[in-house]
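Right, I'll just put the structure down here and ask away after.
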Amino acid sequence: MLVVMQHDATADEVRRVVETIEEMGYQARPIAGAQRTAVGLVGNDGRVDATRLAALRGVKEIIHVTQPYKQVSREWRPEPTVVQLPGGVRIGGSDVVVIAGPCSVESEQQILEAARLVRDGGATLLRGGAFKPRTSPYSFQGLGKKGLKLLARARDETGLLVVTEALDPEGVDTVAEYADVIQVGARSMQNFSLLKRAGRCGKPVLLKRGIAATITELLLSAEYLLAEGNQNVILCERGIRGFDSATRNVFDLTAIPVVKELSHLPIVADPSHGTGRRSKVIPMARAAVAAGADGLLVEVHPQPDRALSDGEQALFPEQFTAMMREVAAIAEAIGRKLAEPAPVGA
Amino acid sequence: MLVVMQHDATADEVRRVVETIEEMGYQARPIAGAQRTAVGLVGNDGRVDATRLAALRGVKEIIHVTQPYKQVSREWRPEPTVVQLPGGVRIGGSDVVVIAGPCSVESEQQILEAARLVRDGGATLLRGGAFKPRTSPYSFQGLGKKGLKLLARARDETGLLVVTEALDPEGVDTVAEYADVIQVGARSMQNFSLLKRAGRCGKPVLLKRGIAATITELLLSAEYLLAEGNQNVILCERGIRGFDSATRNVFDLTAIPVVKELSHLPIVADPSHGTGRRSKVIPMARAAVAAGADGLLVEVHPQPDRALSDGEQALFPEQFTAMMREVAAIAEAIGRKLAEPAPVGA
Amino acid sequence: MLVVMQHDATADEVRRVVETIEEMGYQARPIAGAQRTAVGLVGNDGRVDATRLAALRGVKEIIHVTQPYKQVSREWRPEPTVVQLPGGVRIGGSDVVVIAGPCSVESEQQILEAARLVRDGGATLLRGGAFKPRTSPYSFQGLGKKGLKLLARARDETGLLVVTEALDPEGVDTVAEYADVIQVGARSMQNFSLLKRAGRCGKPVLLKRGIAATITELLLSAEYLLAEGNQNVILCERGIRGFDSATRNVFDLTAIPVVKELSHLPIVADPSHGTGRRSKVIPMARAAVAAGADGLLVEVHPQPDRALSDGEQALFPEQFTAMMREVAAIAEAIGRKLAEPAPVGA
Amino acid sequence: MLVVMQHDATADEVRRVVETIEEMGYQARPIAGAQRTAVGLVGNDGRVDATRLAALRGVKEIIHVTQPYKQVSREWRPEPTVVQLPGGVRIGGSDVVVIAGPCSVESEQQILEAARLVRDGGATLLRGGAFKPRTSPYSFQGLGKKGLKLLARARDETGLLVVTEALDPEGVDTVAEYADVIQVGARSMQNFSLLKRAGRCGKPVLLKRGIAATITELLLSAEYLLAEGNQNVILCERGIRGFDSATRNVFDLTAIPVVKELSHLPIVADPSHGTGRRSKVIPMARAAVAAGADGLLVEVHPQPDRALSDGEQALFPEQFTAMMREVAAIAEAIGRKLAEPAPVGA
């Protein structure tokens, strides 16, 4: 249950609500949102008599939130969140954004070439890992800070905004210095120290669903970000673990309408990890947009067969062009359109 | 490995191939296909020297089939199979067919009403269970043969072709008497006695993927049908078992491009069972068509809240109309179109 | 809810209960059990006022069954079911039975050799498939009726009781003619036509859990057997589908205490299919007995490397001997002991 | 492939091996182990001609490691690792250790009471979370550093060694100051920054398997620890995500013999998280020991119904006593015994 305070409620009035909740035998948890302050009542609130709380000074309304997450829920905020990025790029509105690029930043030449080709194909944001979470300690771990600088150079040249991953709390600030959107990867979805830091970093966060995470768990991880004051959160479906080796993961596109119903946050889809097979990326990119995704995250590499990581799921340049043409047609069929890239230098 | 015989190969020539394979220490399995006869060489054929076989009289070519299934593979038949139904309805061509109707046939009034509404909405085939596989022995088990007669009556009145399930080998012939397409349900995908009988029944078969079946297993079950001489097989993705109760199943739409790559058989998708939630059916029907499905199988009920089974996933009539409008737009966006219903009385 | 009738209740009294339930707006389902007759009240019985029913003539008591299954539940029958087999073999009591043998009956020599070796090792029952459910139509499908006769011959010679699988309703009676226990395999757990026939066949049934079946679904399939009057049902955990190819299945041993809590039926475990790897069978057989299994079902072959099916999970003869020694020690540690084989000719 | 250097190989000799590998077109990765130095050859080594390397000065032998992990493999070290703890406690030898305690440290009274009761029951180590990874930001997050101090006090009083979790790289050093063994939890199994720091912290690490991790992934995460020089690693099976809500997780005990075959590291099992249901903990603790686990990690709480986290899976004190008696009998049946607690003050 959320006790929403009036816009001009005083600190004393909030404190009185907290005390009343505690007197009633529950825990109180003040939530300072962007537009309004509320006090969450934690515990089984099925049988709580709210009239005593509703009568307190400064209380605007009582919202019964049936889910364990609060601020990410539709009940807390019915209208969709639109994440605003530099240059007028918006995620979560009627536009469908395409975030494209290689799995890893490998060299200056590679990332610039990749950036140009995805920009020419119509992408709005550039993806590319500088810090790579790798299953084996002996695999390429990314270029680190040098990779961040190369991403920034690619942005300067192409105007594409940059999305890249932070792996640990210390890394968040470094990544935030260079990136426009900070990615929290699937393996880190329940890295709560990382989430808390990312919630305070001042940059939008792209939060990927963990490989065996329920939608409720995904939304609770997003709640960590909002609880720290970061409203600019973009969710991402990227496939869950399954039993059939025909694909790398099971791309759970139903997650998109499920999230849309439960939460106001935008959600994008990653058909590259979702399928793990290059030849399946285009049809599943189409399917993701048809299912209502607010954007796509796809791996494209100038030379996929020479990629240092995940080459088998990266699109060839000409495949990316084909994909863009096809998803544009799907977007139009459902009354949306692909986002325009930001003007260079925005 | 398949030793494909020439069109006019004699029984003696086929026998000679079989003997040669056995002399080489392998098992031989003659496969009488619709267009050509072949002899399958069973066992690890990685190191077989095919020159001896290629030199035999009547042998046209040697096909190395890398998969455990043979006749369902693209290697055996590169061009897509188009299943021809009465009245000119075709599944597997450029048209997208919609198969709609209630979970179960419940009464004459219900099935006629359902048939009219899905026909008016643009469906081509009517679905409805007469024999129902139910998890509990105490649940409604279907009207049985009476249900089949009601389906036939609905076909007479609306011109919709009828798809309905057979549960056991004995039931196949009864169902085949009334239905245009015989459904083998998810729970029966590895009911091999049923498959063998369905492979000899003379009617097309709609084979649903089992709840935990790999694509290879699905295709091997289809191979049972083709091995009995039935080329008219339509596959169906209907969701696999997952860990998140937010949906009833995980709707694995990537199965569609995976199947398309490995097999020439058409594949349709069932977003009703795939999601198990009415509010998710429309977006996932769009996604299925965008992913390349040759058709949709959806549950529609005149009064879903009174359904005797699966009411929570059946569309309301007006939702079905909306779905048809939206999937028509998606089909067009990828260069396909919804199939026209067969003329009444066809 | 179950309305349990007195031992001497008349048909009229039962009919009156049925009518009353229907007047109350619910469905009634008479259940003729071995010891007593009851009438099940189907539908959400949370708010039913039972006093009206309890007052009817011939009613002994009202049992509130919270699960969808009725007769298999502990609420219906608190004491454990002990399945009695010929020769005094009992499954579900304090003894732990070992059912062993090859995956398939391959030849007279093979099955006799296998029967002797498992008998000498201490097994009580012989397993061996005559009708084999095979994923591929091109795999060895079993010797059929000839296999049943060979199993009977092995029983005559060794005194081991025979467990073998029936694949379809027609096959049940044939199998019942030769076998002491009829196996319903994992792929057939929801083959309801088969279950209904097996429920009427007069022989005990070993029901294996489906590869993606919940415990509730397993118990509901067992309920089909009891609903047809067959009380002699033995459940079997044999592994569920997982994501890690390190083993063939995930051997879900917790199913054993879960089933024990919910149901009075005995449950055995199959570490051969549960793991799919010969080297894991012995430790997991120990674990199964430690977890409380009433028996083991294990694959043993005189020459596993020459087996026509599942050779990689069959124990070598000397491994079987080692397994028996180790599980005997575990059984003793928890206050049980391995069952004695029936005397030859029993 | 691993090029193992002689005990007295010089830095120059190692460098020459590295250069030769690179000249051959592969990557070289020196691995400084506790007893010997090796140089890993990374890349597909299936076709490498090792004779050139074997001929180099200082090279002792060439080990072909078929797995992606190196130092954790049995091929690298055939004999089992025994982790030595203060007071003579050993994990991985013939003793079975029991690590018990509450989910979270809640108060001084609670942790001291818990410590005494598990000590009296025969546990060797005390578990208890000070930093808790919680799915919801609104759940109790642990007492933090205060919790660590209370754990240290409990050790002082009872002589039990302390195992507790570190959540992030910064936290590792703090935890290492107080704990005897640092736990890396299931959600952190692929938190590679945390693993790297834990690999350098100087304390043994208990690494729990992630909820959807394959055994290969678990071993590769352990490889991160060994690659940083920490040989004292204990693995832990604690259940994987499944589809059946009858249990919280699927307790995959086959992981134990699988790990034993592939790796020399000890492995313990956590039946509390593995099942998530108090009534299933005792049978599954028995099963874990029977399967070959080197120890158990169990949740015990003085008053489970008042626990701040995971109360439904914590044993009552008297249940813990019963469990210890039963697992002692199982350990004995397989030729092992429960470890003795360290003397107080050790």
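Here the chain labels run A, B, C and D in written order, and each chain numbers its own residues starting at 1.
The working rule: a contact is a pair of C-beta atoms (placed from the backbone, for glycine too) under 8 Å apart; a residue touches a chain by one contact, two chains touch by 3 or more.
Owing to the predicted nature of the structure, the values given are computational and were not obtained by experimental measurement.
Asks: Among all the other chains, which ones are in touch with both chain B and chain D?
Replies: Touching chain B and chain D alike, sorted by label: A, C.
Asks: Contact counts by the stated rule: is the higher one at A-C or A-B?
Replies: Between the chain pairs A-C and A-B, A-B carries more contacts.
Asks: Among the chains, which has its CA centre at the largest distance from chain A's?
Replies: Computed centres place C farthest from chain A.
Asks: Taking each chain's centre as its mean C-alpha position, how far apart are chain A and chain B in Å?
Replies: That gives a centre separation of 38 Å.
Asks: What is the distance, in whole Å, between the centres of chain B and chain C, each centre taken as the mean of its C-alpha atoms?
Replies: Centres of chain B and chain C (C-alpha means) sit 33 Å apart.
Asks: Please tell me the distance, in whole Å, between the geometric centres of chain A and chain C computed from their C-alpha atoms.
Replies: Centres of chain A and chain C (C-alpha means) sit 48 Å apart.
Asks: Could you check chain A for residues that touch two or more other chains and list them?
Replies: Touching at least two other chains: 212, 241-243, 245.
Asks: Can you list the residues on chain D that touch chain C in the complex?
Replies: 212, 214-216, 240, 242-247, 250-258, 261, 274-275, 279-280, 283-284, 286-292, 326, 329-330, 332-334
Asks: Note which residues of chain B are touching chain D in the complex, please.
Replies: For this pair, the touching residues of chain B are 241-243, 245.
Asks: What does chain A use to touch chain D in their complex?
Replies: 29, 40, 42, 68-70, 133-138, 167-171, 187-188, 190-194, 211-212, 217, 220-221, 223-224, 227, 241
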